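Dropping the structures in below, format is structure tokens.
Note that subunit A is present in both complexes that follow, paired respectively with subunit B and with subunit C.
Here is the complex of A and B:
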């Protein structure tokens, strides 16, 4: 089974990369010339600086907020968490568009200065910070919900709440903090749409210029993307060192059953600060709604939506299902350190960090053949692309859950003669079902918010909603574009609501 | 779960995904014409012909080249039947690579020969024009710029905008200027733009936005961008530049039939439809395109070919210039 799952991942993610490697010899001279100039390295450094700043800012806000949500008596903390997390599941350029309607010169509070600030590196950091901070918050909160209650309660007998937080809780959440650091860094360094929208020059834009310019040069683009390879490997090594074998819980596993740490006299101030941060991040969404309402944008949305929402949902749902299955098989193998799983895990991370347009060109090269038209000419190509890019999401979610399950149960089953299939189906799956469902949901949300992967090879007439929004964005009537953005927000909200309902139903049923 | 279920699952997935489209009566068009303009026309063709139109549209940021590159990438197994280009030079990239099939539409007969290939490899119709968008709140009437060279005038330092010349009609515009001025003057102009801190916007739509909101005093974009800004009641004036000099660049949209396309007959029907005078008129009304055929009515404010001085360029030569100057442009943009 591991072989089948591995083969699916290899076909989806490795073949496109290999097809571009094959292009290298033909473009080697140009590639060396390009990499021999200072500019790509300057852009790479700039992208790394942007990613580092966004990561540091996200940690600075996300770690304390995660602590507040998971372990204190902050009022309405579950609602706060939900609201805080929501913008992360939207395409970042939708948020950038929203901020344009807030801070652009003719925006809600726009002046020449705010506009200049938005269309700068600072603006990109602002938008991406608000988008990605929930990753840190959520991973830290999830990890803290899984910390042994006895350990914390014992500490609280002799130490102040601040001391408990800094000496017990935050160190316990260190693997989650490292994972959040890597994820935010990886997401920021591969982000293309927001920097392009805000006219900030970054490394992925240089790669994209080799694919979007008049002299189409996929080999050159791949060569230019090569410096990302050691970076991906470095991220992987750091992750292996600090996160890999460590256990931390996944959403909802432990609940908030323990006595929360009282915030005391700080409660009003801390509450105000936390809610302010969360509500600021949702401002662009309300402004988009307001812009869509003016000029009849919402009324015109059905005319411009076409089949885009169903394309997004269908391709996303099937891709998420494949990813959840892969995540279950490969995540189990990775958690149990079965031979080969580590390489597949690394491949999934590499595909995630490879600039999406590069992966897209590789997918065209692999799948646009006579006999593969049932895949390339249909939504199936989106599924393949999503599986290649987001397999890591399912794999990591499931493996972190499986790490919490006692290995002894599987070993006991093995000694009684249960085969691998039986152990997976009867022991591992029931114990990690919630992780598999969470992996499916996360993967689905990643697919529905995707733009960069799909935009290069979506099948004619079958574009997902993000692509439709992007192709209409610059020239469509602003109210209609805002209306389509609202439709994307509504679609995401509906998916999340269904996911939350499914978890609630399962809890009640049990 | 059983290993034998994997192929079954994959087969079902492919059936669900692939079965959603009937491929017998359809036509596939790739277009760099703005989706907001092109899609309603394609939908009307669907109603009239009974064919399903499947479209691939460009994003503004990669306008004209995203779709073009996809056509190149898919050359081994063409997916598109028709390429409806937003400008007249991109088709030459495809023609050079042998990706275009000649087709002389009967509806092309009344289009002037300058705007179509004699072998039917491309046919031009409704044209856009490169114009200056000037913010009237920031620029006095007496100081209104009249030439493309005003973008580099130190009077307007930091107050002008031009779209990224690696993409869209700006590539063609710069190439056309090089073909008219020559290399030396062209390079000097690009350097002067840089020295004058002209903003490089991600797209013409972005230039329109910058001018409309007054973030810059003026910029260069296309007539359809100008019309959108005017429709939004933006305080802009539209200037046809260099009327007393080299003239204003005219860029017909063009259609080409793709070689080895999956539905060539349906593709020809779509081309015939797009080349009707009614479509040219509709493009004039919806997006201020200049009709190339005599006798097509235009709405108020939309000029016809012949009512202004057009830049005299050979589109084939501009296409060659455009490919030649790519390294220079990449360096200029900083990518």
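Here is the complex of A and C:
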């Protein structure tokens, strides 16, 4: 079972990365020519600087906000968390488009100078900061909710709340902070659409231009992807050193029931700041809705949508199902430290933090062959790409839930004579069903929001909604483009609402 | 007579720590041996070695004379050893009812449904839980859960039974009741058993023979009277003094 799951992951995620290395001899001359010039390195440095700035800004806002949400008496903190998290599940490009309708020259409060500001490195940092800060907030909050209440209570007997927060809680969340740093850095360096839309030149755009643009030169795309490989390996090394074996295991939000740290006289000011940050991030969504309604964009949306929503939903649902199954088998093996599972866990993390152009180019190298057209020419290639990139989402979600159930429950099953299959099906699966469903949901949301991976290899005429939106932006009517963005927001909101309803129903039913 | 469980020169290490060192122990058919030892003495490691969750680096574990682990290798996986266990935290599956918990192992062993239901009914009557067959573990009292755990192990008619401090979290009256129940069930069924505890009173109430484990080694073995008469370590002397 583990071997089959491992084989699927190896084919989906490792082959593309290895294929890049295998192509080296064939592309060596091109690589030397392309990488021998200053331009790619300049772009790479620019991308890394952008990623570093977004990461620092996201941590600066996300760590305190995570602490406020998890452990203080901030009013309506669950609602605040939900609202804060929502924009992360949208393609960042949708938010950039929304900010364009706010700050662009013809935007809601737009002037020449706000437009100049938006269409700059600063504008890209602003959009990506608002999009990715929830990653830091949520990982820190989840880690803090998992901290043993006894540790905190012992500290509160002898220290002020601020001291407890800075000396006990934040250090306890250090693995989550490192993971958040890596994820935000990796997501930002992979980001293609926001910098392109805001006219900021970055490395992934150079790769994309050689695969889908007027500079079509796949050999050069291979060459350009190469410097990103060592970067991915470096990120993985940091992840294995500081995060790997630690899993943030919390059962729902039970920790929120703990006696919160009082904010005291700071409460009104802190509440205002936290809510302001969260509400600002939702402004572009409301403006998009307004823009789409004004020009009749909403009415025209069905005509422009084509097959895009069903492509998104179908490829996302199939990929999420494969990821959930892989996540169950591999997540269980990782949680129980079965031999080989740690390497597969590392591979899934590598595929996620590897900049999207590397994975995309690798997938093209593996699957764009005559005999693999049934995969490469159909939605199947999207499924393969999504499974490769987002398997870690399912794996880590399931393993964190499995870690919460005592190993003795499985051992008890083994002592009754149940084999591995029966133990997995009858004991592990029912007890980790919540994790499997959550893993499916998260994986589905990641697939549906994906643009940076899919845009490199989507099959002709079968583009997902994100790609449709991205390609129409340049020459489609603004109201219709806004309408399509609203459709993407509505789709995400509907999936989240269904997921929340499913969990609420299950809680009520139990 | 072939021992039901036999450990011969078994050593288990974890990194640089020696969890068990050259341990030899035999449990004969129908015998109940109490393994007594302080926290961290290696009691749980010994059980895990017998169950097959841990392969001993050296030595052999035999069940009914057949080697099941030897020299770092698991020769027979836990599910094929026919050894049942009552876990310290009971490990009742929360998503299965009382019947479901008992049924699980029987179904895994291919027992037909009518036979399973019959055996489960008998066992639940024996432990006084016939009325609670449809309850989930979360709906049971502490004592009831304990009985389910014992019933779940015995319903399989195992070759041997291991009990890992199963009564450690109970109050005195409940503990007395359950010791009585356990004695009756084990004597009646003649299941060879290894009962692990750090409580000498439990040991005195149950055991035919005691083995004392300290720092991963069996330091003394014999009847309660023999141990009381000539304790070989400070720990054995101290625990024997606790007895009335």
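In the analysis below, the second predicted complex is superposed on the first by the 427 of 510 C-alpha atoms of A that agree within 3 Å, B and C clash if a C-alpha of one lies under 4 Å from a C-alpha of the other, contacts with A are read in each partner's own complex, and residues count from 1 in each chain.
Just so it is clear, a residue touches a chain if its C-beta (ideal position, glycine included) is under 8 Å from a C-beta of that chain, and two chains touch if they have at least 3 such contacts.
What you see is a predicted model, and the numbers here were worked out from it, not measured in a lab.
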{"item": "Contacts of A:419 with subunit B and subunit C, given as first, second, both or neither", "value": "second"}
{"item": "Which of subunit B and subunit C A:478 touches, first, second, both or neither", "value": "first"}
{"item": "First (subunit B), second (subunit C), both or neither touched by A:383", "value": "first"}
{"item": "In the superposition, subunit B vs subunit C on subunit A residues touched", "value": "B"}
{"item": "Which superposed partner A:315 touches (first subunit B, second subunit C, both, neither)", "value": "first"}
{"item": "First (subunit B), second (subunit C), both or neither touched by A:364", "value": "first"}
{"item": "Which superposed partner A:163 touches (first subunit B, second subunit C, both, neither)", "value": "neither"}
{"item": "Touching partner for A:427 - first (subunit B), second (subunit C), both, neither", "value": "second"}
{"item": "Subunit B and subunit C contact sites that coincide on subunit A, given as residue numbers", "value": "none"}
{"item": "Footprint of subunit A on subunit C - complex, ascending", "value": "51-53, 77-85, 87-89, 91, 93-95, 104-106, 108-109, 152-153, 156"}
{"item": "Complex contact set, residues of subunit B against subunit A", "value": "1-3, 6, 9, 13-14, 16-18, 20-21, 23, 28-30, 34-37, 52-62, 65-66, 68-70, 72-74, 76-77, 79-80, 90, 93, 166-167, 171, 199-206, 209, 212-215, 224-225, 228, 232, 322-323, 326, 330-331, 333-335"}
{"item": "List of subunit A residues in touch with subunit B within their complex", "value": "1, 4, 39, 43, 104-106, 112, 115-116, 196-197, 199, 201, 205-206, 208-209, 211-216, 218, 314-315, 318, 322, 325, 361, 364-365, 368-370, 373-380, 383, 421, 424-425, 429, 455-463, 470-478"}
{"item": "Complex interface listing, subunit A residues touching subunit C", "value": "406, 408-409, 411-419, 422, 426-427, 430-431"}
